[in-house]
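Inspection log for the structure reproduced underneath, given as structure tokens.
Chain nomenclature is as follows: A, B, C, D, E and F, assigned in order of appearance, with residue numbering initiated at 1 for each chain independently.
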Amino acid sequence: MRIAVVNCNTTAEMTSRICVSAASVARPGTVIEGVTPTWGVPAAEGFADSFRSAAAVLDAVAGLDVDGIVLAGFGEHGREGVRQLVEIPVVDITEAAVMFACLLGMDYGVVTSQPTAIGPIRQSLRAMGLYERCAGIRATGLPVLAIDTSGEEVVAAFLAQSEALLASGAETIVLGCAGANGIQDTLREKLGIPVVDGVRAAVSLCEDLIYQGLRTSKAGAFRMKPSL
Amino acid sequence: MRIAVVNCNTTAEMTSRICVSAASVARPGTVIEGVTPTWGVPAAEGFADSFRSAAAVLDAVAGLDVDGIVLAGFGEHGREGVRQLVEIPVVDITEAAVMFACLLGMDYGVVTSQPTAIGPIRQSLRAMGLYERCAGIRATGLPVLAIDTSGEEVVAAFLAQSEALLASGAETIVLGCAGANGIQDTLREKLGIPVVDGVRAAVSLCEDLIYQGLRTSKAGAFRMKPSL
Amino acid sequence: MRIAVVNCNTTAEMTSRICVSAASVARPGTVIEGVTPTWGVPAAEGFADSFRSAAAVLDAVAGLDVDGIVLAGFGEHGREGVRQLVEIPVVDITEAAVMFACLLGMDYGVVTSQPTAIGPIRQSLRAMGLYERCAGIRATGLPVLAIDTSGEEVVAAFLAQSEALLASGAETIVLGCAGANGIQDTLREKLGIPVVDGVRAAVSLCEDLIYQGLRTSKAGAFRMKPSL
Amino acid sequence: MRIAVVNCNTTAEMTSRICVSAASVARPGTVIEGVTPTWGVPAAEGFADSFRSAAAVLDAVAGLDVDGIVLAGFGEHGREGVRQLVEIPVVDITEAAVMFACLLGMDYGVVTSQPTAIGPIRQSLRAMGLYERCAGIRATGLPVLAIDTSGEEVVAAFLAQSEALLASGAETIVLGCAGANGIQDTLREKLGIPVVDGVRAAVSLCEDLIYQGLRTSKAGAFRMKPSL
Amino acid sequence: MRIAVVNCNTTAEMTSRICVSAASVARPGTVIEGVTPTWGVPAAEGFADSFRSAAAVLDAVAGLDVDGIVLAGFGEHGREGVRQLVEIPVVDITEAAVMFACLLGMDYGVVTSQPTAIGPIRQSLRAMGLYERCAGIRATGLPVLAIDTSGEEVVAAFLAQSEALLASGAETIVLGCAGANGIQDTLREKLGIPVVDGVRAAVSLCEDLIYQGLRTSKAGAFRMKPSL
Amino acid sequence: MRIAVVNCNTTAEMTSRICVSAASVARPGTVIEGVTPTWGVPAAEGFADSFRSAAAVLDAVAGLDVDGIVLAGFGEHGREGVRQLVEIPVVDITEAAVMFACLLGMDYGVVTSQPTAIGPIRQSLRAMGLYERCAGIRATGLPVLAIDTSGEEVVAAFLAQSEALLASGAETIVLGCAGANGIQDTLREKLGIPVVDGVRAAVSLCEDLIYQGLRTSKAGAFRMKPSL
């Protein structure tokens, strides 16, 4: 089974890190194929970036020979567009992370990178339908590309925002960023509550759908255009 | 890895059928342990049944030595109670089915057994948070225990309600009943859209959570009572 | 006219206290019949307790020869189940208290016992439909069975949480606990705003429905099962 | 105990009929004082009428020496204004009817007079907070002043719209008009489900609040103006 | 083109100030006709005032020979009533201000006069449909008639509440008061974000509708009564 | 004053038609500058098209020397991205049309081109906040590029869907397509209710914001990235 894990930005090093997360939970026999868009933005940190990356991702998935697609941009636009283009399952890490979180606790909180990323995340959650269980979305102020290690500063920033979310009623924390590999374990240990990484959640969900033979519905919004 | 698949009613034959569905998607190495409550209702078909079965299920999960729990009663109450009792992951087939459906199409429809089952299902979906994507819940009029085969009559009844839901905007169909093993493939073929069986969805989700080391949050609503 | 006031827990002493509240507002000629479930939980303080008590209450109401039923567990599950079993009016103190509060002020706040009781209360209010007028639900941290007097400590704890709710926009306070007889007057005096006791509200509402000849609808969700 | 039942229109004959309904459920010792505004509209059948009647009702309640006020205009504006003017309990028949209906069935339907009355009713229900349980609001097309008997034509018109609402999921019917005295019994008998008259519901609720010593909150929106 | 700008209160001096705002944005050729109700309240600061002013405004618009109407009472009731009486366009400054704000930023905040004005404003926004984008409504505590200059005290009071709203997530500020002419520029400069004056917004919107030949729909809620 | 009217697709002939609509309502002195993206899709008819056109529009607006921007793609993504890139006002025809419609009637209906366009329109309205006043979105089945005349067939198709929306409670009709110049007058005449063209509405709103000196907020979601 082959799953394409599509980074939403053009930073290949970040694709590699995402693929490490993806591979860490993949079932035996699953091949993770990292995909980096050939154009777009080096890091998506707000609405303008998000719409550019959505179009770049649509190009990036064309012609892929895989069994499922994971969209690895937290809070980024485009998932419904990709679903219209293909029949294989498409799982967005935003949806996946929030679904996992809703199975583990009543309300969840999201910790993300820059404050400008909050807007698109909120819009993505509202469009999806589990926003009413969101206790808050908070930004660390770190640029996306700085969230590349589990270095002390990064952990401290995520910890501070997570604690603020706990105080607001969050029972689980969702990492609002695709590249934070490893940080979820450190946070979970320090906070004592579940911390969900969307890449891991999405890879598992995508495998599940593939194994069960479930494919994207073509009965409505995702019907292909005749000319496509 | 051991997963308990807990039937919500006392009909052991139905537990067996549910376990067949569960086993059909379980990963290699996963042991499915069917659990039938020792008291409660032979079939849950409305609010009164649903609350009785919730309490019986709470008893049934006590002392289980497993890694995760699947609650196999579609639309039945109790999931939050079980989550309070344990630290392992708990996945309700209602949640799981609807999450899968929301990854495959915009709006989903639910086909269930008796008209009295619609109330609890609607309440379960509203409590969970994806009700706004529900295009409708329709009843076949069949008793739960009659949905034991993929016989022609059962298929015809599910097909008729599914078609009505499609006309109302559903892009996927969710089987609103735990025991309808096999019918999802027949329906999918006839309707040309995804049909989701909650038992299969929940088993996979439960495995995913276990493999990723995610456990139920004890930070809020699911904190255990001191005396428990 | 006979009204059964059904405690949700097995603590008979609490049933007695609830009946004192109930009797204090009953019309002349109304007989209050206290009902204590014969099994269940000594005090309901969270989701697991709530589902157990719901089933125990279903058993407790079987065979009652009364004209109406008051369910005296604040925020506890089960009201829709009882409504399916009988044709007489059934009033839950959660609904009743919130309805009274919404007639007296725009937004209301709820003060309850343990933090784990907040989850079921919130779910009950959302299912009922007046949650959008809830300014907050706060816990005193007191065990249910400790709220048995209007002792200074109990009053102080309720007062502190009520004041926090007022600061958040609550215009009335709802006692989120069935056994707090007497405390509503003390609080009202100290706070200068209405404080609603659900037991009193529910007894009056139940009498109203009985006097007007109104009975539970059997046209939909509360239709009885043929086998019941 | 004295309760003012305030008609929203200037038709004294209608006030009389409303008072008959009110008296039919009043407790022994309750005095019903019918109040007819001295200006305004002969019948409120839409937004413009509704705002005029709201102001006329504010004038009509000034100086009343009563223990509680029932506002007898279904779906009409003004209840929050009256609450600001007084400290005694104020119950609007719209709120009261819908609260009773929500205790008796899951979803309710409203049958009213003219199509132009639907807008204000919908706005009133949305402002109150139980609109999500409304299965529909339908108009008979009858002028308010024609709904003065339980004559065959009126019954037939209400019956037809009630049946349409039942088919849409209503489990109870709310009379969306203050003057339909008597029709609720005929409808209930023919439909086999509860039919709620707001005047009756409001009088009982108002009595309940008075007996329990509950008064309108002055902590927020209903605080009086210094100059009033 | 003639536009009536209808003050909601009887203070002619305030009408004059509102007309200055209106004229400052009117297109060449637009005649602004200030209208002061001949009865009602000197200043609308809460629910009771709001309903009185609604009726007085209905009287005030009768017989106007204009091409469009601006209702210049922020958060006051009555707009739907005026729409039922006429066929020309009717624009409420509450709607207009919030629409402008929603074009300029994600969430908006409202700064108003007295705390009692918050209730009607919230109800107006909920009825209109953009309340979910409201980050808060805060009162300066100033009486409406004191907000007649851009004096230091008034500016300081508006500034303090605006900053609190910014901290709560507001990206634009809406002046919740018709008479605050001039203050929007001072605030915008000090805050660095858009500040919207509803009178200006409504005059422009009303002109737009008139120029495009758009008139109030008579297909539903705003259909005139036969007798009007 | 210069306003860029940005087509969302690459069909220059459609840009021309849109500019005719725009010019027909522009104030004297306003220069309408039609902008056609240099890449993207010839016609946007679904989610994939919509995300591509969003990115192409972001490129198309870079370097524009204008005072305001109108985004002329009905229901298309991207408006929040453009708002992040500039400080001048940005008005999306979807928002503008719906705002106008909400000033003219209670509920509106949308008539669009292909069924696949319904999904993005619904998502756009939900994100904006006036979806609860939407009585329905219906597709004519006509390709976007076929809606280039007010030919009989096109009118008949729009008329049929409009009538269905009226029957569902719409009081105004919104043209869910940028290129339908002229059809709004024909429809209005035949239906007797307001028909809103988003291009016209947006041009007027954009002029209004410019004249009033209002600019896009940079306080939150639309703050520019440092690197932009």
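Following the convention adopted for this analysis, a residue touches a chain if its C-beta (ideal position, glycine included) is under 8 Å from a C-beta of that chain, and two chains touch if they have at least 3 such contacts.
Bear in mind that the values here come from a model prediction, so they are computed numbers and not experimental data.
Q: If you walk touching chains, what's the least steps from subunit C to subunit E?
A: Steps on the shortest route: 2.
Q: Return the chain whose centre of C-alpha atoms lies at maximal distance from the corresponding centre of subunit E.
A: B
Q: State, to the nearest whole Å, the distance from the C-alpha centre of subunit C to the C-alpha centre of subunit D.
A: Those two chain centres are 26 Å apart.
Q: List the centre-to-centre spacing of subunit B and subunit F in whole Å, with centres computed as mean CA coordinates.
A: 43
Q: Any idea how many Å lie between the Cα centroids of subunit A and subunit D?
A: Centre separation, subunit A to subunit D: 51 Å.
Q: Using Cα averages as centroids, what's the distance between subunit D and subunit E in whole Å?
A: 30
Q: Quick check: what residues of subunit C touch more than one other chain, meaning two or more?
A: Expected reply: 80, 106, 119, 220-222.
Q: Give the chain order around the ring, anchored at subunit A and oriented so that subunit B comes second.
A: Traversing the ring with subunit A first and subunit B second gives A, B, C, D, E, F.
Q: Under the stated contact criterion, what part of subunit F meets subunit A in this complex?
A: 45-52, 54-56, 58, 77-78, 80-85, 115-116, 118-120, 123, 126-127, 220-223, 225, 228
Q: Quick one: which bits of subunit D touch subunit C in the complex? Just the residue numbers, please.
A: Listed in rising order, the residues are 25, 27, 80, 89-91, 95, 99-100, 102-107, 128-130, 132-133, 166, 169-172, 192-194, 196, 200-201, 204-205, 208-209, 211-212, 214-222.
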